[in-house]
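Sending over a structure as C-alpha coordinates; questions will come in a sec.
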Amino acid sequence: MTKITDRETRQHNIRVRIESDTDLVSARHAGRMLAEQAGFTSSELTLIATAISELARNIIEYANFGEIHLELVQNGSARGIRIVARDAGPGIGNIEQALRGGFSTSGGLGLGLAGVRHIMDNFDVESNVGAGTCVTVTKWKL
Amino acid sequence: MTKITDRETRQHNIRVRIESDTDLVSARHAGRMLAEQAGFTSSELTLIATAISELARNIIEYANFGEIHLELVQNGSARGIRIVARDAGPGIGNIEQALRGGFSTSGGLGLGLAGVRHIMDNFDVESNVGAGTCVTVTKWKL
Amino acid sequence: MAVPILKQSNYLIATIQSALTDQDFVQLRDALVDKVGRFRSRGVIVDVTAIDVLDSFASRTLRDLAYMIRLRGAHTVIVGIQPDVAFAMVQLGITLADVSTALDLEEGLAFLDDVGAET
Amino acid sequence: MAVPILKQSNYLIATIQSALTDQDFVQLRDALVDKVGRFRSRGVIVDVTAIDVLDSFASRTLRDLAYMIRLRGAHTVIVGIQPDVAFAMVQLGITLADVSTALDLEEGLAFLDDVGAET
(Lines give C-alpha, C1' and ligand atoms only; values in the text may rest on other atoms or scores of the structure.)
Protein backbone atom coordinates (compact mmCIF):
# COMPACT_ATOMS: atom_id res chain seq x y z
CA MET A 1 0.00 0.00 0.00
CA THR A 2 1.37 3.45 -0.84
CA LYS A 3 1.93 5.70 2.07
CA ILE A 4 0.01 8.91 1.73
CA THR A 5 0.55 12.02 3.83
CA ASP A 6 -2.27 13.60 5.70
CA ARG A 7 -2.51 16.70 3.52
CA GLU A 8 -2.71 14.79 0.25
CA THR A 9 -5.39 12.51 1.57
CA ARG A 10 -7.64 15.25 2.88
CA GLN A 11 -9.83 15.35 -0.15
CA HIS A 12 -9.65 11.94 -1.73
CA ASN A 13 -8.86 9.49 0.89
CA ILE A 14 -9.92 8.79 4.44
CA ARG A 15 -8.96 5.95 6.72
CA VAL A 16 -11.12 5.25 9.74
CA ARG A 17 -9.97 2.83 12.37
CA ILE A 18 -12.92 0.68 13.45
CA GLU A 19 -12.92 -0.69 16.96
CA SER A 20 -16.03 0.60 18.68
CA ASP A 21 -19.54 1.51 17.67
CA THR A 22 -18.72 5.21 17.76
CA ASP A 23 -16.16 4.62 14.99
CA LEU A 24 -19.00 3.25 12.96
CA VAL A 25 -20.80 6.59 13.18
CA SER A 26 -17.56 8.41 12.25
CA ALA A 27 -16.96 6.16 9.25
CA ARG A 28 -20.49 6.74 8.01
CA HIS A 29 -20.04 10.47 8.42
CA ALA A 30 -16.64 10.50 6.69
CA GLY A 31 -18.01 8.49 3.76
CA ARG A 32 -20.92 10.85 3.35
CA MET A 33 -18.60 13.89 3.34
CA LEU A 34 -16.25 12.36 0.82
CA ALA A 35 -19.03 11.13 -1.47
CA GLU A 36 -20.61 14.58 -1.41
CA GLN A 37 -17.46 15.89 -3.10
CA ALA A 38 -18.01 13.45 -5.94
CA GLY A 39 -21.45 14.94 -6.51
CA PHE A 40 -23.56 11.99 -5.40
CA THR A 41 -27.26 12.72 -4.84
CA SER A 42 -28.63 12.77 -1.32
CA SER A 43 -30.27 9.41 -1.95
CA GLU A 44 -26.96 7.89 -3.08
CA LEU A 45 -25.18 9.40 -0.09
CA THR A 46 -27.57 7.55 2.16
CA LEU A 47 -26.94 4.29 0.33
CA ILE A 48 -23.20 4.80 0.69
CA ALA A 49 -23.45 5.65 4.39
CA THR A 50 -25.63 2.59 4.93
CA ALA A 51 -23.15 0.31 3.15
CA ILE A 52 -20.31 1.69 5.26
CA SER A 53 -22.36 1.07 8.37
CA GLU A 54 -22.94 -2.59 7.50
CA LEU A 55 -19.32 -3.25 6.60
CA ALA A 56 -17.98 -1.49 9.69
CA ARG A 57 -20.36 -3.37 11.96
CA ASN A 58 -19.22 -6.69 10.53
CA ILE A 59 -15.65 -5.70 11.40
CA ILE A 60 -16.60 -5.03 15.03
CA GLU A 61 -18.91 -8.01 15.26
CA TYR A 62 -16.64 -10.64 13.77
CA ALA A 63 -13.08 -9.29 13.95
CA ASN A 64 -13.26 -6.85 16.90
CA PHE A 65 -11.26 -4.25 15.00
CA GLY A 66 -10.10 -3.26 11.57
CA GLU A 67 -10.15 -0.38 9.14
CA ILE A 68 -12.41 1.29 6.64
CA HIS A 69 -10.62 2.98 3.78
CA LEU A 70 -12.66 5.46 1.77
CA GLU A 71 -11.37 6.73 -1.54
CA LEU A 72 -12.64 8.81 -4.44
CA VAL A 73 -11.91 7.02 -7.68
CA GLN A 74 -12.08 7.88 -11.35
CA ASN A 75 -12.58 5.68 -14.40
CA GLY A 76 -12.49 7.72 -17.60
CA SER A 77 -15.03 10.43 -16.93
CA ALA A 78 -16.86 8.43 -14.31
CA ARG A 79 -16.35 9.35 -10.67
CA GLY A 80 -17.03 7.10 -7.78
CA ILE A 81 -16.27 6.19 -4.22
CA ARG A 82 -14.50 3.03 -3.19
CA ILE A 83 -14.90 1.55 0.27
CA VAL A 84 -12.40 -1.01 1.49
CA ALA A 85 -13.29 -2.76 4.76
CA ARG A 86 -10.35 -4.75 6.04
CA ASP A 87 -9.81 -6.80 9.16
CA ALA A 88 -7.52 -9.52 10.44
CA GLY A 89 -10.37 -11.45 12.03
CA PRO A 90 -11.51 -15.06 11.66
CA GLY A 91 -12.35 -14.79 7.97
CA ILE A 92 -15.43 -16.15 6.24
CA GLY A 93 -15.57 -19.89 5.84
CA ASN A 94 -18.16 -20.06 3.12
CA ILE A 95 -18.32 -16.80 1.17
CA GLU A 96 -21.10 -17.97 -1.13
CA GLN A 97 -23.29 -18.77 1.86
CA ALA A 98 -22.41 -15.46 3.56
CA LEU A 99 -23.46 -13.57 0.42
CA ARG A 100 -26.69 -15.43 -0.04
CA GLY A 101 -28.60 -13.16 2.33
CA GLY A 102 -30.65 -14.33 5.26
CA PHE A 103 -27.64 -16.33 6.42
CA SER A 104 -26.01 -15.30 9.67
CA THR A 105 -23.56 -16.89 12.06
CA SER A 106 -24.46 -14.33 14.71
CA GLY A 107 -28.23 -14.21 14.79
CA GLY A 108 -28.25 -11.07 12.67
CA LEU A 109 -30.69 -10.50 9.87
CA GLY A 110 -27.93 -11.67 7.53
CA LEU A 111 -28.88 -8.82 5.21
CA GLY A 112 -25.57 -7.03 5.56
CA LEU A 113 -23.31 -8.43 2.86
CA ALA A 114 -26.10 -9.36 0.47
CA GLY A 115 -27.62 -5.92 0.97
CA VAL A 116 -24.34 -4.07 0.48
CA ARG A 117 -23.74 -6.01 -2.70
CA HIS A 118 -27.16 -4.94 -3.94
CA ILE A 119 -26.60 -1.30 -3.01
CA MET A 120 -23.18 -0.92 -4.58
CA ASP A 121 -21.97 -1.28 -8.18
CA ASN A 122 -18.82 -3.34 -7.68
CA PHE A 123 -18.47 -5.85 -4.93
CA ASP A 124 -15.56 -8.07 -4.05
CA VAL A 125 -14.76 -10.17 -0.98
CA GLU A 126 -11.40 -11.71 -0.24
CA SER A 127 -11.27 -13.79 2.89
CA ASN A 128 -9.05 -16.48 4.31
CA VAL A 129 -10.09 -18.38 7.37
CA GLY A 130 -7.84 -17.36 10.24
CA ALA A 131 -6.28 -14.52 8.26
CA GLY A 132 -9.01 -11.96 7.84
CA THR A 133 -11.46 -10.40 5.47
CA CYS A 134 -11.28 -7.61 2.94
CA VAL A 135 -14.47 -6.36 1.31
CA THR A 136 -14.04 -3.84 -1.51
CA VAL A 137 -17.07 -2.08 -2.94
CA THR A 138 -17.43 0.83 -5.34
CA LYS A 139 -20.34 3.08 -6.15
CA TRP A 140 -20.22 5.06 -9.38
CA LYS A 141 -21.82 8.43 -9.96
CA LEU A 142 -24.09 8.06 -12.98
CA MET B 1 -14.91 -36.93 31.43
CA THR B 2 -13.15 -36.17 34.71
CA LYS B 3 -14.94 -37.26 37.82
CA ILE B 4 -15.55 -34.38 40.17
CA THR B 5 -16.60 -34.65 43.78
CA ASP B 6 -19.71 -32.97 45.03
CA ARG B 7 -17.92 -30.38 47.10
CA GLU B 8 -15.69 -29.20 44.29
CA THR B 9 -18.58 -28.87 41.91
CA ARG B 10 -20.79 -26.83 44.20
CA GLN B 11 -19.70 -23.53 42.78
CA HIS B 12 -18.65 -24.16 39.23
CA ASN B 13 -20.33 -27.16 37.92
CA ILE B 14 -23.81 -28.67 37.99
CA ARG B 15 -25.14 -31.74 36.26
CA VAL B 16 -28.86 -32.14 35.91
CA ARG B 17 -30.31 -35.38 34.69
CA ILE B 18 -33.15 -34.66 32.26
CA GLU B 19 -35.93 -37.20 32.02
CA SER B 20 -39.15 -35.43 32.90
CA ASP B 21 -40.54 -31.95 32.55
CA THR B 22 -39.87 -31.18 36.21
CA ASP B 23 -36.15 -31.70 35.52
CA LEU B 24 -36.47 -28.97 32.97
CA VAL B 25 -37.58 -26.52 35.66
CA SER B 26 -34.71 -27.69 37.89
CA ALA B 27 -32.14 -27.25 35.12
CA ARG B 28 -33.39 -23.74 34.42
CA HIS B 29 -33.18 -22.91 38.10
CA ALA B 30 -29.70 -24.38 38.49
CA GLY B 31 -28.44 -22.46 35.47
CA ARG B 32 -29.81 -19.22 36.80
CA MET B 33 -28.15 -19.75 40.20
CA LEU B 34 -24.81 -20.63 38.65
CA ALA B 35 -24.89 -17.75 36.17
CA GLU B 36 -25.73 -15.34 38.98
CA GLN B 37 -22.35 -16.18 40.51
CA ALA B 38 -20.64 -15.06 37.31
CA GLY B 39 -22.30 -11.67 37.64
CA PHE B 40 -24.67 -11.85 34.69
CA THR B 41 -27.41 -9.19 34.57
CA SER B 42 -31.00 -10.15 35.27
CA SER B 43 -31.74 -9.87 31.57
CA GLU B 44 -28.86 -12.23 30.69
CA LEU B 45 -29.96 -14.67 33.41
CA THR B 46 -33.32 -14.89 31.72
CA LEU B 47 -31.70 -15.56 28.34
CA ILE B 48 -29.58 -18.30 29.87
CA ALA B 49 -32.54 -19.92 31.63
CA THR B 50 -34.51 -19.78 28.40
CA ALA B 51 -31.71 -21.42 26.42
CA ILE B 52 -31.45 -24.20 29.00
CA SER B 53 -35.18 -24.72 28.79
CA GLU B 54 -35.10 -25.15 25.02
CA LEU B 55 -32.15 -27.54 25.06
CA ALA B 56 -33.58 -29.61 27.90
CA ARG B 57 -36.95 -29.87 26.20
CA ASN B 58 -35.33 -31.13 23.02
CA ILE B 59 -33.69 -33.88 25.08
CA ILE B 60 -37.05 -35.00 26.49
CA GLU B 61 -38.86 -34.54 23.20
CA TYR B 62 -36.44 -36.34 20.92
CA ALA B 63 -34.25 -38.55 23.12
CA ASN B 64 -36.48 -39.20 26.18
CA PHE B 65 -33.60 -38.62 28.56
CA GLY B 66 -30.16 -37.12 28.78
CA GLU B 67 -28.13 -34.62 30.76
CA ILE B 68 -27.53 -30.90 31.05
CA HIS B 69 -24.10 -29.96 32.27
CA LEU B 70 -23.67 -26.38 33.47
CA GLU B 71 -20.23 -24.95 34.04
CA LEU B 72 -18.69 -21.59 34.82
CA VAL B 73 -15.83 -20.93 32.42
CA GLN B 74 -13.07 -18.39 32.12
CA ASN B 75 -11.18 -17.09 29.09
CA GLY B 76 -8.54 -14.57 30.09
CA SER B 77 -10.48 -12.03 32.12
CA ALA B 78 -13.81 -13.01 30.57
CA ARG B 79 -16.21 -15.10 32.61
CA GLY B 80 -19.02 -17.11 31.19
CA ILE B 81 -21.31 -20.06 31.54
CA ARG B 82 -21.18 -23.12 29.35
CA ILE B 83 -24.18 -25.35 28.85
CA VAL B 84 -23.70 -28.83 27.45
CA ALA B 85 -26.89 -30.71 26.55
CA ARG B 86 -26.12 -34.34 25.81
CA ASP B 87 -28.33 -37.27 24.92
CA ALA B 88 -28.02 -40.70 23.33
CA GLY B 89 -31.18 -40.27 21.27
CA PRO B 90 -31.84 -40.55 17.54
CA GLY B 91 -29.47 -37.72 16.54
CA ILE B 92 -30.16 -34.97 14.02
CA GLY B 93 -30.14 -36.06 10.38
CA ASN B 94 -29.67 -32.65 8.81
CA ILE B 95 -28.09 -30.21 11.24
CA GLU B 96 -28.11 -27.27 8.84
CA GLN B 97 -31.84 -27.66 8.36
CA ALA B 98 -32.44 -28.04 12.10
CA LEU B 99 -30.54 -24.79 12.73
CA ARG B 100 -32.30 -22.82 10.08
CA GLY B 101 -35.21 -21.93 12.34
CA GLY B 102 -38.86 -22.54 11.55
CA PHE B 103 -37.98 -26.15 10.82
CA SER B 104 -39.45 -28.83 13.09
CA THR B 105 -39.88 -32.57 12.92
CA SER B 106 -42.34 -32.45 15.81
CA GLY B 107 -44.80 -29.69 14.99
CA GLY B 108 -42.94 -27.31 17.28
CA LEU B 109 -42.26 -23.69 16.44
CA GLY B 110 -38.79 -24.84 15.38
CA LEU B 111 -37.41 -21.77 17.12
CA GLY B 112 -35.51 -23.74 19.69
CA LEU B 113 -32.09 -24.39 18.21
CA ALA B 114 -32.04 -21.31 15.98
CA GLY B 115 -33.21 -19.19 18.90
CA VAL B 116 -30.65 -20.64 21.31
CA ARG B 117 -27.92 -19.94 18.79
CA HIS B 118 -29.07 -16.35 18.57
CA ILE B 119 -29.24 -15.94 22.34
CA MET B 120 -25.82 -17.43 23.12
CA ASP B 121 -22.32 -16.39 22.05
CA ASN B 122 -20.81 -19.76 21.09
CA PHE B 123 -22.86 -22.54 19.66
CA ASP B 124 -21.82 -26.00 18.58
CA VAL B 125 -23.80 -29.13 17.70
CA GLU B 126 -22.37 -32.59 17.34
CA SER B 127 -24.81 -35.24 16.33
CA ASN B 128 -24.67 -38.69 14.80
CA VAL B 129 -27.81 -40.39 13.62
CA GLY B 130 -28.56 -43.27 15.93
CA ALA B 131 -25.88 -42.23 18.40
CA GLY B 132 -27.10 -39.04 19.98
CA THR B 133 -26.73 -35.30 20.13
CA CYS B 134 -24.49 -32.93 22.04
CA VAL B 135 -25.19 -29.22 21.94
CA THR B 136 -22.58 -26.97 23.57
CA VAL B 137 -23.30 -23.29 24.05
CA THR B 138 -21.50 -20.54 25.94
CA LYS B 139 -22.59 -17.13 27.07
CA TRP B 140 -19.90 -14.62 28.01
CA LYS B 141 -20.28 -11.86 30.53
CA LEU B 142 -19.35 -8.62 28.79
CA MET C 1 -48.53 -26.96 40.60
CA ALA C 2 -52.16 -26.25 39.71
CA VAL C 3 -52.89 -22.67 38.74
CA PRO C 4 -55.77 -21.11 40.71
CA ILE C 5 -58.56 -19.89 38.45
CA LEU C 6 -60.80 -17.18 39.84
CA LYS C 7 -64.22 -16.36 38.47
CA GLN C 8 -64.98 -12.65 38.55
CA SER C 9 -68.33 -11.73 36.99
CA ASN C 10 -67.99 -12.65 33.31
CA TYR C 11 -64.27 -13.22 33.44
CA LEU C 12 -61.89 -15.97 34.46
CA ILE C 13 -58.58 -14.95 35.98
CA ALA C 14 -55.72 -17.47 36.13
CA THR C 15 -52.78 -16.28 38.19
CA ILE C 16 -49.64 -18.31 37.69
CA GLN C 17 -47.74 -18.28 40.96
CA SER C 18 -44.45 -20.00 40.22
CA ALA C 19 -42.55 -21.77 37.47
CA LEU C 20 -44.77 -24.23 35.62
CA THR C 21 -43.84 -27.48 33.97
CA ASP C 22 -44.96 -28.13 30.40
CA GLN C 23 -47.64 -30.41 31.79
CA ASP C 24 -48.89 -27.62 34.08
CA PHE C 25 -49.23 -25.30 31.07
CA VAL C 26 -51.21 -27.89 29.17
CA GLN C 27 -53.47 -28.44 32.19
CA LEU C 28 -54.02 -24.71 32.55
CA ARG C 29 -55.00 -24.46 28.90
CA ASP C 30 -57.48 -27.31 29.17
CA ALA C 31 -58.92 -26.11 32.47
CA LEU C 32 -59.58 -22.63 31.07
CA VAL C 33 -61.11 -23.90 27.86
CA ASP C 34 -63.39 -26.12 29.95
CA LYS C 35 -64.34 -23.44 32.49
CA VAL C 36 -65.14 -20.86 29.83
CA GLY C 37 -67.92 -23.22 28.78
CA ARG C 38 -69.13 -24.10 32.25
CA PHE C 39 -69.21 -20.52 33.52
CA ARG C 40 -70.22 -18.97 30.20
CA SER C 41 -67.26 -16.59 30.61
CA ARG C 42 -66.66 -13.84 28.05
CA GLY C 43 -63.09 -13.08 28.88
CA VAL C 44 -59.99 -14.82 30.22
CA ILE C 45 -56.94 -13.28 31.82
CA VAL C 46 -53.75 -15.26 32.28
CA ASP C 47 -51.41 -13.45 34.65
CA VAL C 48 -47.78 -14.49 34.04
CA THR C 49 -46.18 -11.83 36.27
CA ALA C 50 -44.49 -14.51 38.40
CA ILE C 51 -43.06 -16.39 35.42
CA ASP C 52 -39.34 -15.94 34.76
CA VAL C 53 -39.12 -17.90 31.51
CA LEU C 54 -41.59 -18.15 28.65
CA ASP C 55 -39.88 -20.45 26.21
CA SER C 56 -41.17 -21.75 22.91
CA PHE C 57 -43.33 -24.48 24.47
CA ALA C 58 -44.94 -22.17 27.03
CA SER C 59 -45.53 -19.50 24.41
CA ARG C 60 -47.06 -21.96 22.00
CA THR C 61 -49.36 -23.29 24.70
CA LEU C 62 -50.47 -19.76 25.63
CA ARG C 63 -51.10 -19.01 21.98
CA ASP C 64 -53.09 -22.23 21.53
CA LEU C 65 -55.05 -21.42 24.67
CA ALA C 66 -55.98 -17.98 23.26
CA TYR C 67 -57.00 -19.52 19.91
CA MET C 68 -59.08 -22.25 21.54
CA ILE C 69 -60.86 -19.82 23.79
CA ARG C 70 -61.54 -17.56 20.83
CA LEU C 71 -63.15 -20.51 19.07
CA ARG C 72 -65.36 -20.90 22.14
CA GLY C 73 -66.43 -17.25 21.78
CA ALA C 74 -64.38 -15.56 24.49
CA HIS C 75 -61.36 -13.23 24.58
CA THR C 76 -58.01 -13.99 26.18
CA VAL C 77 -55.45 -11.48 27.35
CA ILE C 78 -52.01 -12.37 28.69
CA VAL C 79 -50.86 -9.92 31.34
CA GLY C 80 -47.66 -9.32 33.27
CA ILE C 81 -44.92 -10.38 30.84
CA GLN C 82 -41.84 -8.93 32.51
CA PRO C 83 -39.25 -6.89 30.54
CA ASP C 84 -36.53 -9.56 30.80
CA VAL C 85 -38.97 -12.22 29.69
CA ALA C 86 -40.17 -10.08 26.77
CA PHE C 87 -36.56 -9.58 25.73
CA ALA C 88 -35.76 -13.29 25.82
CA MET C 89 -38.93 -14.14 23.90
CA VAL C 90 -38.16 -11.67 21.14
CA GLN C 91 -34.54 -12.85 20.91
CA LEU C 92 -35.85 -16.39 20.59
CA GLY C 93 -38.16 -15.27 17.78
CA ILE C 94 -41.43 -15.44 19.69
CA THR C 95 -43.76 -12.47 19.26
CA LEU C 96 -47.20 -13.83 20.24
CA ALA C 97 -48.30 -11.49 17.47
CA ASP C 98 -51.95 -12.47 17.41
CA VAL C 99 -52.49 -12.82 21.12
CA SER C 100 -53.74 -9.86 23.16
CA THR C 101 -51.46 -8.62 25.88
CA ALA C 102 -51.69 -6.04 28.65
CA LEU C 103 -49.31 -4.66 31.22
CA ASP C 104 -50.96 -6.13 34.30
CA LEU C 105 -54.22 -7.42 35.73
CA GLU C 106 -55.80 -3.98 35.93
CA GLU C 107 -54.99 -3.18 32.30
CA GLY C 108 -56.13 -6.65 31.30
CA LEU C 109 -59.52 -6.09 32.89
CA ALA C 110 -59.76 -2.70 31.19
CA PHE C 111 -58.91 -4.35 27.87
CA LEU C 112 -61.63 -6.97 28.25
CA ASP C 113 -64.16 -4.28 29.18
CA ASP C 114 -63.06 -2.34 26.08
CA VAL C 115 -63.53 -5.20 23.66
CA GLY C 116 -67.02 -5.57 25.07
CA ALA C 117 -66.43 -8.85 26.77
CA GLU C 118 -68.02 -7.67 30.02
CA THR C 119 -71.63 -7.72 28.87
CA MET D 1 -26.22 10.35 23.27
CA ALA D 2 -29.28 9.62 25.39
CA VAL D 3 -32.58 10.02 23.58
CA PRO D 4 -35.07 12.23 25.44
CA ILE D 5 -38.30 10.43 26.25
CA LEU D 6 -41.37 12.59 26.78
CA LYS D 7 -44.48 11.42 28.56
CA GLN D 8 -47.65 12.82 27.01
CA SER D 9 -50.85 11.52 28.62
CA ASN D 10 -50.88 7.77 27.88
CA TYR D 11 -48.04 7.92 25.38
CA LEU D 12 -44.27 7.98 25.44
CA ILE D 13 -42.51 9.96 22.73
CA ALA D 14 -38.82 9.33 22.04
CA THR D 15 -37.31 11.84 19.67
CA ILE D 16 -33.95 10.81 18.28
CA GLN D 17 -31.94 13.97 17.71
CA SER D 18 -28.78 12.83 15.98
CA ALA D 19 -26.94 9.75 14.77
CA LEU D 20 -27.05 6.98 17.39
CA THR D 21 -24.51 4.28 18.08
CA ASP D 22 -25.65 0.68 18.32
CA GLN D 23 -25.38 0.94 22.08
CA ASP D 24 -27.60 4.04 22.07
CA PHE D 25 -30.26 2.11 20.17
CA VAL D 26 -30.14 -0.74 22.66
CA GLN D 27 -30.41 1.72 25.56
CA LEU D 28 -33.37 3.42 23.92
CA ARG D 29 -35.11 0.06 23.54
CA ASP D 30 -34.56 -0.88 27.17
CA ALA D 31 -35.52 2.55 28.49
CA LEU D 32 -38.81 2.49 26.59
CA VAL D 33 -39.67 -1.05 27.63
CA ASP D 34 -39.01 -0.06 31.23
CA LYS D 35 -40.91 3.24 31.11
CA VAL D 36 -43.97 1.64 29.49
CA GLY D 37 -44.34 -0.31 32.72
CA ARG D 38 -43.58 2.53 35.09
CA PHE D 39 -45.90 5.04 33.42
CA ARG D 40 -48.50 2.49 32.34
CA SER D 41 -48.22 3.90 28.83
CA ARG D 42 -50.46 2.54 26.12
CA GLY D 43 -48.54 3.79 23.14
CA VAL D 44 -44.96 4.57 22.16
CA ILE D 45 -43.74 6.81 19.36
CA VAL D 46 -40.14 6.67 18.17
CA ASP D 47 -39.37 9.68 16.00
CA VAL D 48 -36.46 8.96 13.65
CA THR D 49 -36.82 12.12 11.54
CA ALA D 50 -33.25 13.18 12.37
CA ILE D 51 -31.72 9.83 11.50
CA ASP D 52 -29.85 9.60 8.20
CA VAL D 53 -29.11 5.87 8.26
CA LEU D 54 -31.24 2.97 9.50
CA ASP D 55 -29.10 -0.03 8.82
CA SER D 56 -29.79 -3.67 9.65
CA PHE D 57 -28.80 -3.35 13.32
CA ALA D 58 -30.85 -0.21 13.95
CA SER D 59 -33.82 -1.70 12.13
CA ARG D 60 -33.62 -4.94 14.06
CA THR D 61 -33.43 -3.07 17.34
CA LEU D 62 -36.47 -0.95 16.44
CA ARG D 63 -38.33 -4.12 15.49
CA ASP D 64 -37.36 -5.84 18.75
CA LEU D 65 -38.41 -2.73 20.65
CA ALA D 66 -41.85 -2.84 19.01
CA TYR D 67 -42.23 -6.57 19.74
CA MET D 68 -41.16 -6.23 23.36
CA ILE D 69 -43.50 -3.32 23.96
CA ARG D 70 -46.34 -5.31 22.38
CA LEU D 71 -45.65 -8.12 24.84
CA ARG D 72 -46.01 -5.51 27.58
CA GLY D 73 -49.41 -4.56 26.18
CA ALA D 74 -48.64 -1.29 24.38
CA HIS D 75 -48.40 -0.18 20.75
CA THR D 76 -45.32 1.24 19.06
CA VAL D 77 -45.22 3.41 15.97
CA ILE D 78 -42.05 4.52 14.20
CA VAL D 79 -42.43 7.95 12.65
CA GLY D 80 -40.36 10.17 10.39
CA ILE D 81 -38.44 7.69 8.22
CA GLN D 82 -37.08 10.00 5.51
CA PRO D 83 -37.43 9.12 1.79
CA ASP D 84 -33.69 8.52 1.31
CA VAL D 85 -33.59 6.34 4.39
CA ALA D 86 -36.65 4.38 3.27
CA PHE D 87 -34.99 3.84 -0.12
CA ALA D 88 -31.76 2.55 1.43
CA MET D 89 -33.66 0.26 3.82
CA VAL D 90 -35.64 -1.32 1.01
CA GLN D 91 -32.51 -1.73 -1.14
CA LEU D 92 -30.89 -3.47 1.81
CA GLY D 93 -33.89 -5.79 2.15
CA ILE D 94 -35.35 -4.29 5.32
CA THR D 95 -39.11 -3.73 5.31
CA LEU D 96 -40.04 -3.53 9.02
CA ALA D 97 -43.14 -5.31 7.72
CA ASP D 98 -44.77 -6.00 11.07
CA VAL D 99 -43.91 -2.72 12.76
CA SER D 100 -46.36 0.19 12.60
CA THR D 101 -45.12 3.35 10.92
CA ALA D 102 -46.51 6.83 10.32
CA LEU D 103 -45.38 9.85 8.36
CA ASP D 104 -44.60 12.08 11.30
CA LEU D 105 -45.36 12.72 14.95
CA GLU D 106 -48.84 14.06 14.24
CA GLU D 107 -49.80 11.01 12.19
CA GLY D 108 -48.21 8.77 14.78
CA LEU D 109 -50.38 10.26 17.52
CA ALA D 110 -53.45 9.88 15.31
CA PHE D 111 -52.53 6.25 14.68
CA LEU D 112 -52.24 5.51 18.40
CA ASP D 113 -55.57 7.21 19.07
CA ASP D 114 -57.09 5.10 16.30
CA VAL D 115 -55.89 1.77 17.62
CA GLY D 116 -57.51 2.74 20.88
CA ALA D 117 -54.32 3.17 22.80
CA GLU D 118 -55.40 6.52 24.19
CA THR D 119 -57.86 5.33 26.81
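Which chain is which? They are A, B, C and D, in the order written, and residues in each are numbered from 1.
The working rule: a residue touches a chain if its C-beta (ideal position, glycine included) is under 8 Å from a C-beta of that chain, and two chains touch if they have at least 3 such contacts.
What you see is a predicted model, and the numbers here were worked out from it, not measured in a lab.
Placing every chain at the mean of its C-alpha atoms, the farthest one from chain D is found to be B. Chains compared, chain C against chain D: the Cα-based superposition rotates one onto the other by 80 degrees, nearest 5.
With centres set at the average Cα position, the gap from chain B to chain D is 34 Å. With centres set at the average Cα position, the gap from chain B to chain C is 28 Å.
Per-chain Cα centroids separate chain A from chain C by 47 Å. Counting only residues that touch two or more partner chains, chain A has 107.
Looking at chain D, one finds that none of its residues touch two or more other chains. Listing the residues of chain B that touch chain C in their complex gives 21-22, 24-25, 28-29, 32, 42-43, 45-47, 49-50, 53-54, 57, 101, 108-109, 111-112, 114-116, 118-119. Residue ranges on chain C touching chain B, taken from their complex, read 19-23, 52-57, 59-60, 83-85, 87-89, 91-94. Interface residues of chain D facing chain C in the complex, by the touch rule stated above, are 30, 33-34, 36-37, 40, 64, 67-68, 70-74, 98, 116, 119. Partner chain D is touched in their complex by these residues of chain C: 79, 81, 83, 85-87, 89-91, 95-97, 101-103, 107-108, 111, 114.
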